[in-house]
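To start, the structure under review is shown below, and the notes come after it.
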């Protein structure tokens, strides 16, 4: 930690800082510049509240924290890229992992048909919401446990692992009975008790970025999961809130290379929620892969105009199977792979 | 709902929209302008997904929802300003209600001494966190149930009602056993299941605005609480996240008159979290009252430099008791009141 | 400047930084902590590009600039609050200075009648746009030089000084021939050549905050004006751009106490542009004064519904003269003054 | 235009709106729904201020503008994608046009060597700043006319056309004497008089997006240029300002598909200014091309650590010539081209 004193500060104010540092059993290293004095603090542990304390002391201009707050999610403690396998699907490897499916599970037929279509087009994992967070209490909120059962049926029929959102600790047992990957939604990205409980549940966790979450906060949220002994966390960028009204959110595509520089965790892109409009989904999906994303999460629905949620941003089967070959080409251009199934090839012809 | 067609759209595209409206048993009212056609939709119920569906149909430029999504929180269904009493303290009345106390409950002595000091200075309600949401898993997270017991002791000694945060449904029983008002923090402002559960608990709820929550979303979150039959909701503005680094958040003081125009619910201001620095707290508290806030929530600590959380933004006893007479003067200037105790008068002399 | 090295960095990388510092004739002061090394840089002048250079060197985690970039606008070089007089009106004194008038000068009658009305209600300075920046090229863009002449007539008839916007260096002579205070609009707040040219013109300058300008950048923009030898700069907060759609901009009321802590320059609030709706203007004006603003700029129009620009946010004469006595009361509550004329008192009765 | 009345509004308020519409010679088409009434306005011209006027009338909930504000930049009036040629370089065609060069022109040697290096690596157009906007008045502000002369020498030696920024109308003649494309910087993106003057100068204009400019505002700014009879406008996304501190700006990659849906103008991406750090530039450049950008603007410097401006975000020659073959691969994957020179191929081996 470094304490930067105001220019021309009275020496006793600097002395007071130094005395306080020493009283904590830490080392104080002042540097007296021509215009300003700074005091370096060395030793451990530095109390987490010391930054706050010093920042408002008389004569202090600014306090700079030197050490990173995140540990388990950073490269320093884990120099290998995280890679793991979910029912045979590799996350964090050279193959772009594609999660696709409806926003909400609405019926067995809708879900199973979507699962088959997206699998044929190259998707690896089936997404679908059984418990849906909705801005208004008067909107469709998912089928609950019945939705989970339908997802399991779709898995049975296609062999695809499933990812679905859990919104509250009380649902972890139910969701965990069925899902292969827990999804934590953007609105719960800083619901710390949920993060801890889901961290204990022994299955991979996909953590969406909160609506206005800084990248370091996102890693700290992932840290809550990892601190429970769960190393299998996926980060998923889904757009942040800005002033621009023409997109539902603003996809922060830079988050991919920045996180890749800070953390060993796989990073996915959700172009559907970022865009809010299906016409924009392909461009954002391709941009995400070009930027280095390890995977994509894309909403697909047999009849988007009649979807019970997020229809405007869902692709039809045809749109999705026309997209995956394009993703495969961009993946190859950045030395990644995507193996596209027959269904996709047919659509792409 | 209004559907605005693209300029020069082919008539059959407009017809398709009209047909779909009629198929739903609703009325379609097209208006053919020189440059553009619009179609008004009348009748109820309009399916909540219709906006999404129409927005991506061929030939549609834009869909405009006419009706407000919020109901119980709006003036239309509740033309009287909400006012209620918590252990004798009136919320939503002419008196500015002041919640004050430490960020975290750290010890009985710290909490009781703060309660006495803030009461003497004019505060009405004691705040204090027993369960603390922290960005990092490695920071102090509150005393838990012991913290609640300490708050109850402070209430016993001062007669002040208490407000404290609940972070997860599993804690509602414990927190509800002690608290007079449940606080929902900014990071849980869209944790809908928590909102519903706390709405059922039969005590007033103070709902902080989320970090990047639109005002309409905030009312919809309050709607989750009210839909459980709980009419006693307080909204608390605590700053939103912007690009400006010199304040922890940006206090959106306009939220006060805007919400007052939309909703009958009382609106409070939390200048401490908005500012992040104690030197800014007085100016923001006064601004909030001048803008029409019904109350304030302010962090006070016997020794802020040694606080276990948020020390930089906490006022000392002296600073707080110097502030309340200033608040009282501004309150009077906007035809509100604040009765300041002897402690405050002494400090103000 | 402080260079913070990565944890566990190879010593030769730190040595390279130290060598480079010495090669520049500066002093290098390394501090070797348990986990990390930092290097303090002392001496002058530190090249302005060194921060950039070091920030991307191998082994460097972060570079922290210690000295403030702004000089003339800061308290360090000017320990007295700036106060000056424009045709007898004191800016930066205990009296809240009120600028009021139409968004655009539309006609002599409209402008003179507004000038008389706002003066009667307590305003000190007449505002009015002769050259209008408009988002679209197809909107009304002001009367130009004829607008300036009308402002001068209104000054003649009322004795009020005038403030009007200048948009481009070529207009400085024309505008300067008439105006008492140059206004630089939000969209030109970082039009540096305009700032310099207007700085040379020998009259006070009111600098609006840019739509997404950081507070430090705002001071640096004022620094451009002051560096030309012009000490008479007013800063005017008019709302920043955020994601919230219900206000035109988000008034950053915290800017008032933050700037007051950094700079001796007077700070005004423009509640009209911040709100975008006249119903919100009074609350924001009162909040600004309570937060410590030195003045206000408020749009007033004889018939706002027929204004050629910004009608929705303009007050009527009656609304303005009902507002000034309320401002006067809040001003008194924060130990400032506003002397309200007979017109205002009548309206307030 | 559509006027949406409050639910349960008194009929005379709706009548007043209808009367006003008729008084303007326009057609009023009310639709009486169960809960609410709306009034469609048809006919032309609708006064541009009518939206403002109606929005604050008693009984009005909201006014919705139907027609688009932009004309010349939109597809409606120009159904072909804009494509033009600058000294043989095609803008808006299948080839990704690459502008590269130093942030600032510092010397003939620096500029000519950079021009040769970037040309060898596949760049088409030389960028370089002779007049530099700087946040602080104490930073390097460019060589001015001498910088323009150096750019012309580099053009002479390499055959590459040049693009350079003009900051103020008074410099248009000087800059126009040398440049092939005028650049308007982000801070001047709403400097409307500059846009008009540069629109008259008879050369292509590249318009960067302002720091917090909405996409529609950006098109309207381009409209200022095009309204002068200049059809050759390039839009360049360079990141918007958000709360995230780890990137200098947030690249809004969605702007590419959104603008492509609204406008026929070519869209470029500037990954250097968006990122602010050279390590992020490649990922953002590739993402931009994958999203459909027509070109890129990238900063390159012979010795970035000693650059007089923006060194941290500039690539070295080697980094740039390693990047262009990667861009070429992604371009091919989205059915675009980039022909990479020998220099690049060598570096890529």
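Every chain is named by a letter (A, B, C and D) in the order it is written, and numbering of its residues begins at 1.
We adopt the following convention: a contact is a pair of C-beta atoms (placed from the backbone, for glycine too) under 8 Å apart; a residue touches a chain by one contact, two chains touch by 3 or more.
These numbers were taken from a predicted model, which means no experiment stands behind them.
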Going by the touch criterion stated earlier, list every chain that contacts chain A and also contacts chain B.
C, D
Where centres are the averaged C-alpha coordinates, which chain has the largest centre distance to chain B?
D
Homomeric contact chain C-chain D: same or different residue positions, threshold half:
same
Based only on mean CA positions, could you tell me how far chain B sits from chain D in angstrom?
39
Mean-CA-position distance for chain D and chain A (Å)
30
Multi-partner residues of chain A (at least 2 other chains)
212, 241-243, 245, 279
In their shared complex, at which residues does chain B touch chain A?
48-49, 52-53, 55-57, 69-71, 133-140, 167-170, 187-188, 190-194, 196, 210-212, 217, 220, 223-224, 227, 241, 277-279, 304-312
For chain B, which residues count as touching chain D in their complex?
2, 4, 7-8, 27, 29, 31-36, 38, 40, 42-44, 61-62, 64, 66-68, 76, 241-243, 245
Mind pulling up the chain A residues that touch chain D in the complex?
212, 214-216, 240, 242-247, 250-254, 256-258, 261, 274-275, 279-280, 283-284, 286-292, 326, 329-330, 332-334
